[in-house]
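Here chain A shows up in two complexes: once beside chain B, once beside chain C.
Now for the complex of A and B:
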């Protein structure tokens, strides 16, 4: 277990360092997120009545779509330079590769979220800096990264990876989308955390189940 | 410590690449695997590295079947393939540090710089790999493959991109590895460089080793003649010879 954690930490260090240097994922995700926010700003007129409900939907759609761009890029270095083979031979267990990538994707999504929340607040004149709302986003991004990393590992080996990833990923994410939008909408409307507890439990359970299953099957996904 | 490859078969669809292949390598031996393009050399190396599963057969080290699910078994192997397995946005020393950490080795600066020095790359240690030439990447790839002191080295076209000095440095490293008892299986088309370090040559045809040649004061001319004869033979004749 200690070796496994050491490998995960090493993989995350490498991925974050590489991303910091190349900014491949961050640039694409951030640019896409900003553009989408502007489009929503022109397309949807928010009233004080529907503001809370719609804000959660807009923010989550922006994060999910931007996240898909990031997921598509997350395995590119391994695929282009053949590094998958070297990683498989070096790690104590192949699941460490999945877990390291999942954590990196999660960190990158959270980083992009931190950048776009103030921009949303400026554009829509609505503060989103609410602890409960941020908790929902953190959990939602974790679930998204857990499922997305597995599917990205699968599709990166295909020629149609850009098309296949959202087609395979979005249906699996339906419970997450629903839970995030409902829980975040409730919190922004002023509901106490207890009222959205069921959605939070759903997110936590989804994250644990998908991560566990992915750790178990990842070796088969990348080898075949 | 003997590496035994027993009855390995592998097909891709209808194409039978390896057909009940048998091979044995002793410690300190470097076997140079020759054959036409598509003869199955790379496939065999990938199977030995545990990256491909054969349909039949097994690989044995010291009379024990290698279980590639064991990380210890995988970490016994050093691999150089067509692709460099390097991260372009990391520097040379960062790439080595990354692999050293994955293999749970000491990743102090001195050890990593020594690894770079043995392939003549210490001057470029802090340059990103994307700025390297093909030959420099190949040198770093060789340093990466030797980093964890593997007992088995699998080398697919290791001279690719290397200049004369690089090839000589590589040969010197391989001679040292042989002296330390490392088992080396190499594929190449560069006979002049491979001759001084190879213990044996094996010709792969129709998915099996069709012929072998021991390097006992072998001249380059004799080796080239032997290989030319093998390559000139139609595949049907080689199939009969194998049968």
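Now for the complex of A and C:
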């Protein structure tokens, strides 16, 4: 167990450090997120009246789209350098790789959210700094990386790669999308946490189910 | 199990008879529903097709688990065939539902949990087929297919619950207390025969398609061997 935790920590540290040194992915995700936000601005009239209701949807779509960019990259280094086997040999159990990658993806998504939320608040003069709202986003991003890491581990080894990831991931992610948008929207509209409880339970259930299944099958994704 | 034998011929014939019987019952035996009229008759095949859609994806997930455990390609052939057939039946369920929904709900489509879940499920399995096309190595293709069939199937109930939280207008027939659509015995009998007929039809199609998948795989191996003979090297992945 101690070995396992150590491997997860090392993996996360390695990936984050690698990303921090190049900042390729973070820059791209951030720019992409801002651009998506601008597209939404012209696609949907964000009048002050309906803004509160649809803000959660827009923020989530921006995060999901930017997140796909990150997920696409999460296994490319190992795949391109042919390090998958070395990685498998280096850890006590392959689930450590899954958790390491999942946490990295989660952190990256949270980092992008941390940049996007103040910018949105600034552009639309609507404060998103609400504990409940942030809790929903954090949970949603966790569910997203739980499913995304498993799928990305497969798509990176296919011929179509980044083309395939959203096609495989989005249908599976549909419950998360509904839950996040509804719960976050409710909270922004002023509903207490109790009212959106069902959605939060759904998010938690999704996270647990998907993570459990992923741990069980990840071995078959990564091991030849 | 993947070979042609007498049982397959028998099963095919039985499927043919049952579908014919179900068709006759829908047309001549089942009464015309009082409020909805003739269009309600689409419902017998609609429900049966939707059931096969779900069943096929369950079969694919179970075969996925079996494949990962036993590493026998026959499970992959069955899983792949089940997804293909399931996709077809899901499409039938969706389109027949639309034919019914237009006069009854006055719209081709609503964002109802069942409609959304079935459609999202169909997209999951379109993804499954695309994933398989992207992998050349048969062993890896089977592995990835199995993993995706399992995770895809696990997400289906969650999709259903989440869209149900958003409210529904779809009639609930079985185990309903709202009495959306009351059925008389003749209707139940037609329904039962339709479901049995479609299930037998599914089993037959699955058997045939799995056989075909096994043949395709043999062909793939033969092609690879010819390539080795021609070019003198194995073109792996």
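Keep this in mind: the second predicted complex is superposed on the first by the 221 of 224 C-alpha atoms of A that agree within 3 Å, B and C clash if a C-alpha of one lies under 4 Å from a C-alpha of the other, contacts with A are read in each partner's own complex, and residues count from 1 in each chain.
The rule we apply is simple: a residue touches a chain if its C-beta (ideal position, glycine included) is under 8 Å from a C-beta of that chain, and two chains touch if they have at least 3 such contacts.
Remember, predicted model here, so these are calculated numbers, not experimental data.
Asker: In the overlay, answer first, second, both or neither for which of chain B and chain C A:146 touches.
Answerer: Once the two structures are laid over each other on A, A:146 reaches no partner at all.
Asker: Now for A:205: first (chain B), second (chain C), both, or neither, which partner does it touch?
Answerer: Touch partner of A:205: chain C, not chain B.
Asker: With the two complexes superposed on chain A, say which partner A:91 touches: chain B (first), chain C (second), both, or neither.
Answerer: A:91 contacts chain B only, not chain C.
Asker: If we overlay the two complexes on their shared chain A, which of chain B and chain C does A:137 touch? Say first, second, both or neither.
Answerer: A:137: touches no partner chain.
Asker: Going by the contact rule stated at the top, is it chain B or chain C that touches a larger number of residues on chain A?
Answerer: Between chain B and chain C, the winner on chain A residue contacts is C.
Asker: Just chain B (first), just chain C (second), both, or neither: which does A:25 touch?
Answerer: neither
Asker: For A:83, using the defined touch cut-off, is the partner it touches chain B, chain C, both, or neither? Pick first, second, both or neither.
Answerer: In the superposition, A:83 touches chain B alone.
Asker: With both complexes overlaid on chain A, does A:157 touch chain B (first), chain C (second), both or neither?
Answerer: A:157: touches chain C, not chain B.
Asker: Under the stated touch criterion, which partner chain does A:182 make contact with: chain B (first), chain C (second), both, or neither?
Answerer: The second partner, chain C, only.
Asker: If you look only at chain C, which of its residues touch chain A in the complex?
Answerer: Those in contact with chain A are residues 68, 116, 120-121, 123-124, 126-127, 130-131, 133-136, 140, 143-144, 146-148, 150-152, 154-155, 158-159, 161-163, 165-166.
Asker: In the complex formed with chain B, which residues of chain A make contact?
Answerer: Going through chain A, the ones touching chain B are 3, 6-7, 10-11, 13-14, 17-18, 21-22, 77, 81-83, 85-93, 223.
Asker: Note which residues of chain B are touching chain A in the complex, please.
Answerer: 49-51, 53, 71, 74-75, 77, 79, 81-90, 94, 98-99, 101-104, 128, 144, 148
Asker: Which residues of chain A touch chain C in the complex?
Answerer: 147, 150-151, 154-155, 157-161, 164, 167-168, 170-172, 174-175, 178-179, 182, 198-199, 202, 205-206, 209-210, 213-214, 217, 220-221
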